[in-house]
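The following blocks contain the structures, represented as structure tokens.
The two complexes that follow have chain A in common; it is paired with chain B in the first and with chain C in the second.
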Partner chain A sequence: MKRQIRALVAVVASALFLFPLYLVIANALKADEEIVNQPAKPPLPPTLAGLSAVVEGGEVTAGLRNSVLITGSTIALIMVVASMLAFALHVSNSRLGNALNAVILFGLILPTPVILIPVFRVLKFLSLQNSFPGLVLFLCAYYAPFAVLVYRGFLRSVPKDLIEAALMDGASYRFIYWAVVLPLLRPATASVLVITGVWVWNDFLNPLVLLGPLQGNTVTVGLYRSVGQFSINFGELFAYMLVASAPVLGFYLVLQRHFVRGLIAGATK
Partner chain B sequence: MRAAGLPDRIGLRRGGPSAAAPAAEGRKRRRWRAGLRSRRSGVLIMGLPATALFAALVVVPIGITAFYSFNDVNFLRDEISWVGLSNYTRLWGNDDFRHSVWITAAIAAAAAVVPNGLGLMFAVLLDAKSRLNTALRVALFAPFVLSPVVVGLTFGSILTDSGLVNATLSSIGIDGPSWIGDPNLAVVSVAATLIWQLVAFATVIYVAALRAIPTDLYEAAAIDGASEGLRFRLITWPLVAPAVTITTLVSLISALKLYDHAVALTGGGPGRATETVGLAIIRTGFSQNRAGIASAMAVLLLVLTAAATAVSLSLLRRREVAL
Partner chain C sequence: MASVQLANVTKEYVSGTAAVSRLTLDVADGELVVLVGPSGCGKSTALRMIAGLESITEGDLFIGGERMNDVASHERDIAMVFQSYALYPHLTVGENMGFSLRVGRVPKRERAERVRAVARTLGLDELIDRKPRELSGGQRQRVAMGRAIIREPQVFLMDEPLSNLDAKLRSEMRAEISDLQARLGVTTIFVTHDQVEAMTMGHRVAVLREGELQQVAAPYELYRHPANLFVASFIGNPSMSILRFAVEAEHRRLAAGPARLDIPEPVLARRPGLLGTAEALVGLRPEHLRLAGDAESGNALDGVVRGVEALGSDTFVRVECAGSAESASDAAAGGESPTPGGPMVTVRAPGSASARPGQHCRVAVDLDEAHFFDPAGDPIR
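So, the complex of A and B:
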């Protein structure tokens, strides 16, 4: 009996909490008047009017393509450079390495608004302002500390003896990294991939400032920019939001185990 | 983890030759250990790409921000002139900026407390092993992966004067307030938008923390006749201390850099009522092209974030140790 009450409370509390999420999904499948007059009503029968209007506009597909490109290249680059740095810090154990580690950890608490003005100047100096590569390099630098943290957490479970034995056999560090450590780090890589992938996909302020309006929007920035245009038509706004959210929601549902494990690995150390 | 089985194998392999020729093996090991030390510093080269990126696009910009904060900066005319501390003294007398600092701190305080409470509540509710609870746990984390812009716009649609919240209130005879139009309530609404996502994060962390508590502790306490409330106070609460630490830190840092949620929900309005420090920096630096003042704000935000993190980390860690 007590168990059932507890389950009931859990379901009711979760339903209340998840209600905004329900709205994002349900209202994307409803007609405009329905959203305004009966926002909580389930989408029965569902209509694809909003979704097809948004997709036909063409802007969403361009935004999705840009987001996939930026997110994909950022996480690919982060996986490589962060795992190498984590490995180097793990093995070297020198004073220089420890100092570097402290500086990198400081990056975890840094709010982006603090550095965006100079980042724009630095990218301009490198002739990378308002460009995809410039944005990707910055996102990689900004999210690398978290990836390094996760990799270092997992590296602790790789026995030092394993690396020492390989060294004794004459293997170089580069070889050990590729052949011994990287395969063992696969779960960490999966976590880094999902978590930074979701963050980069959802990122708003960085692409807004660093990409500028002329290079095409990511899907998140496009959503924000279209709010003025769609301010009356809730049907298209919710459809746009679902299109922008569906990839991350799907990504999370499929790889949810890695997501949670990575956050906990990053969080507890 | 796959690595778990490996130490034994290597131990065996190393044990073999050294048992046969202990002295030679010892010399060999000493030699490679010495070689190892010199090669160890060389391995740092592998960290170079990440370090260079981080230095160029994070560390150097922090330095430039600090430098700009002592200057009058005009990018349009490409002029930079030293003004000493005057950007900071101007901020001190600026009521709008004081308001920004005040609401950012208030939102951070709420964010440090509420997700801890609700996250722990959800985790305790969903602790029992059942298929329902597993499904709910997966669903409850979903808000954390949504874009803050999506969350802000969705909350906006719920909180408008004729939105769902007020429609529900009026159906039970209450005349709902203006959640986004009223300057004070708008701050509460922005905070709620952020906190909604942070509760999802906290739930995951607390679920994992509860899992790590050995069940026989509860069984022993139950046998001794401890009530459910007492068991929570004496076992659960002390043992989830690390989860409290991490939830509080992540929430604090997210609140202090708050930007996306506020832009999507209120755009900083009404007036400047919900202009967080992050919004103030971007508006002053980019829209008004006053990078000097904006950089002084940025330095203050960075100092505030570092101080808040350091203080809460030391307080919470001390609590972890004391328990």
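So, the complex of A and C:
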């Protein structure tokens, strides 16, 4: 009985979460008037008109390329910087480390809109305004505190003996980071990549403001701009959304299997 | 290979605990010295200072004659075996053992050869491609050993490496480590809280108590001539029984409750100080006590059997002695409250002995072999 209730709850919860996804997929394969009249109807027979129009328009492929570029370089940078910082904070117990820790925690609670104008000024001072590197650096700085937090939490489960054993084996901290710590942090890295990856991919305000209109759009900004451009062709809008979210879904599914627990098992005793 | 010298080495943690106080210890080149003592006495701390994992508050550490206080761990050329083994979980057995060679940029081919050679000596050939989590406790222990010996370091440090093994495996590994150490001739410092391990493995044994060195000596020397009451009661299994007696100088005897023991002439000759004290703590090893017949004359204590531990070859009999004298064993162990009832002694009897709890008995005492301490725990000379 209990099991059935649990199963029922699971089904209802999944349905709630999957319904929007269904709407996007179904409507991306329907014609415009069908969408307006019967939004929940399955796409029978399906049509690829919307998808091909969007892809041929070129707008979405350019947006995808930009988004992949920005998201990819941001999360790669975050991964390296945050895990190194977390490891450094983990092994040092200096006062500087504690102060740094406080600053990082403060970074977690800053809302973007508040700092967007100063950030723009800083980027302008560095001549990085309206550029991909500028946006990537800002996003990295903005999301790194979260990643540091995740890494530090995970580092706590890495036995201290392991690091000391590596020290005794003659390794420097740099070598220990690459050869011992980073491999052990794989599950944490998977979480960091997925979570910050989704945030950066879905980010709208930062690329809109920091990138400006001349450098091209990310998919989110592109979607926003296409609303007026296509004078709301729902078929194409849904097709656009499908194309824009497909990479995130794929990314998640690929990394999901790395959320393995117990990688640490067998290290000690 | 190298010698290790500690000169007045002290460790005070930030919290203020003095974990090790003014430890002075010379370990000769190729020697195996065991650090032993009860839990919390500072053994690990001492070892970690030698390893460079813990800073030295005061004093000097020399390895191979060079002062090492401020040299980083990875430059001391020391290998350490951890109690937890600390194997890298993401690497195979071979990669674990070869890690230090990889750090030292030993070419891949040579690395593989040395890993194979060490694996063969330790009987790990078959397991070279396994991950640590796929090994038994004993196998992990071997890998940890392999990781230490592959580097051919100046010094081995081992922190209770056998404490996670079962009794049988532990005694096998004791012999194996002793063997290996003798064969390689590497200076080794071995930490344990198990006095059997200390006695069987150490060329010399250093006994620590609350961060202070009590005695360093060869195992038998330690057993025969403990420097103080603490060492006397810590070394030996079952441990020495310690009884508190009043010294009746005019009768040349010891008295406690109804018991009277005559002090033999040779003992007095060796320890003239004995008659000058009012009270003495007398340490008696189980093998110097005997279950005696009622008719026997000579020094003996009357008592009641309280416990029997038959090991087959020997039977150890716990006897509660009659009388008001209190057992001093507890005082030696660190001032816990004395056990209620009379003082207890442990007697070694033949395996065939038939003693039952509750039975009355007489325990013959060989005072020639006894150890005498004053109430402060120092030996009476």
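Operating definition for what follows: the second predicted complex is superposed on the first by the 229 of 269 C-alpha atoms of A that agree within 3 Å, B and C clash if a C-alpha of one lies under 4 Å from a C-alpha of the other, contacts with A are read in each partner's own complex, and residues count from 1 in each chain.
Here, a residue touches a chain if its C-beta (ideal position, glycine included) is under 8 Å from a C-beta of that chain, and two chains touch if they have at least 3 such contacts.
Note that this is a predicted model, so its numbers are computed, not measured.
A.B. asks: Please indicate which partner A:Val192 is in contact with in the superposed arrangement: first for chain B, second for chain C, both, or neither.
C.D. replies: So A:Val192 meets neither chain B nor chain C here.
A.B. asks: Does the superposition put A:Leu184 against chain B (first), chain C (second), both, or neither?
C.D. replies: both
A.B. asks: Given the touch rule stated above, what does A:Leu211 touch, chain B (first), chain C (second), both, or neither?
C.D. replies: After superposing on A, A:Leu211 lies clear of both chain B and chain C.
A.B. asks: Identify the partner contact of A:Ala171: answer first if only chain B is touched, second if only chain C is, both if each is, neither if none is.
C.D. replies: second
A.B. asks: In the superposed arrangement, which partner chain does A:Ala28 touch: chain B (first), chain C (second), both, or neither?
C.D. replies: neither
A.B. asks: After superposition on the shared chain, which partner residues are touched by A:Val81: those of chain B (first), chain C (second), both, or neither?
C.D. replies: first
A.B. asks: Which partner chains sit in contact with A:Ser14 here, chain B, chain C, both or neither? Use first/second/both/neither.
C.D. replies: first
A.B. asks: Looking at A:Gly97 after the superposition, I want to know if it touches chain B, chain C, both of them or none. Which is it: first, second, both, neither?
C.D. replies: In the superposed model, A:Gly97 contacts chain B only, not chain C.
A.B. asks: With the two complexes superposed on chain A, say which partner A:Val200 touches: chain B (first), chain C (second), both, or neither.
C.D. replies: neither
A.B. asks: Which partner, chain B or chain C, is in contact with more residues of chain A?
C.D. replies: More residues of chain A are touched by B.
A.B. asks: Where on chain A do chain B and chain C both make contact?
C.D. replies: On chain A, the residues that contact chain B in one structure and chain C in the other are 159, 161-162, 164-165, 167-168, 184, 263-264, 267-268.
A.B. asks: Over in the complex, which chain A residues touch chain B? Could you list them?
C.D. replies: For this pair, the touching residues of chain A are 3, 6-7, 9-11, 13-14, 17-18, 20-21, 23-24, 27, 35, 39-40, 80-82, 84-85, 87-89, 91-94, 96-97, 100, 103-104, 106-119, 121-123, 137-138, 140-142, 144-145, 148, 157-159, 161-162, 164-165, 167-168, 173-174, 177, 184, 187, 198, 201-202, 204-205, 209, 220, 223-224, 227, 234, 237, 241, 244-245, 248-249, 251-253, 256, 259-260, 263-264, 267-268.
A.B. asks: Chain A touches which residues of chain C in the complex?
C.D. replies: Counting only chain C, the residues touching chain A are 51-53, 73-75, 77-80, 82, 84-90, 99-100, 102-104, 131-135, 137, 140, 147, 151, 164.
A.B. asks: Under the stated contact criterion, what part of chain B meets chain A in this complex?
C.D. replies: It comes out as residues 1-4, 6-7, 10-11, 13-14, 29, 32, 36, 39-47, 49-51, 53-54, 56-62, 64-65, 68, 121-122, 125-126, 128, 130, 132-133, 136, 138-143, 145-151, 153-155, 157-158, 163-164, 167, 196, 199, 201, 204-205, 208, 242, 246, 250, 253, 256-257, 259-260, 263-264, 277-278, 281-282, 285-286, 291, 294-295, 298-299, 301-302, 305-306, 309.
A.B. asks: Please give the residue numbers of chain A that touch chain C in the complex, ascending.
C.D. replies: The touching residues are 159, 161-162, 164-172, 175, 179-180, 183-184, 263-269.
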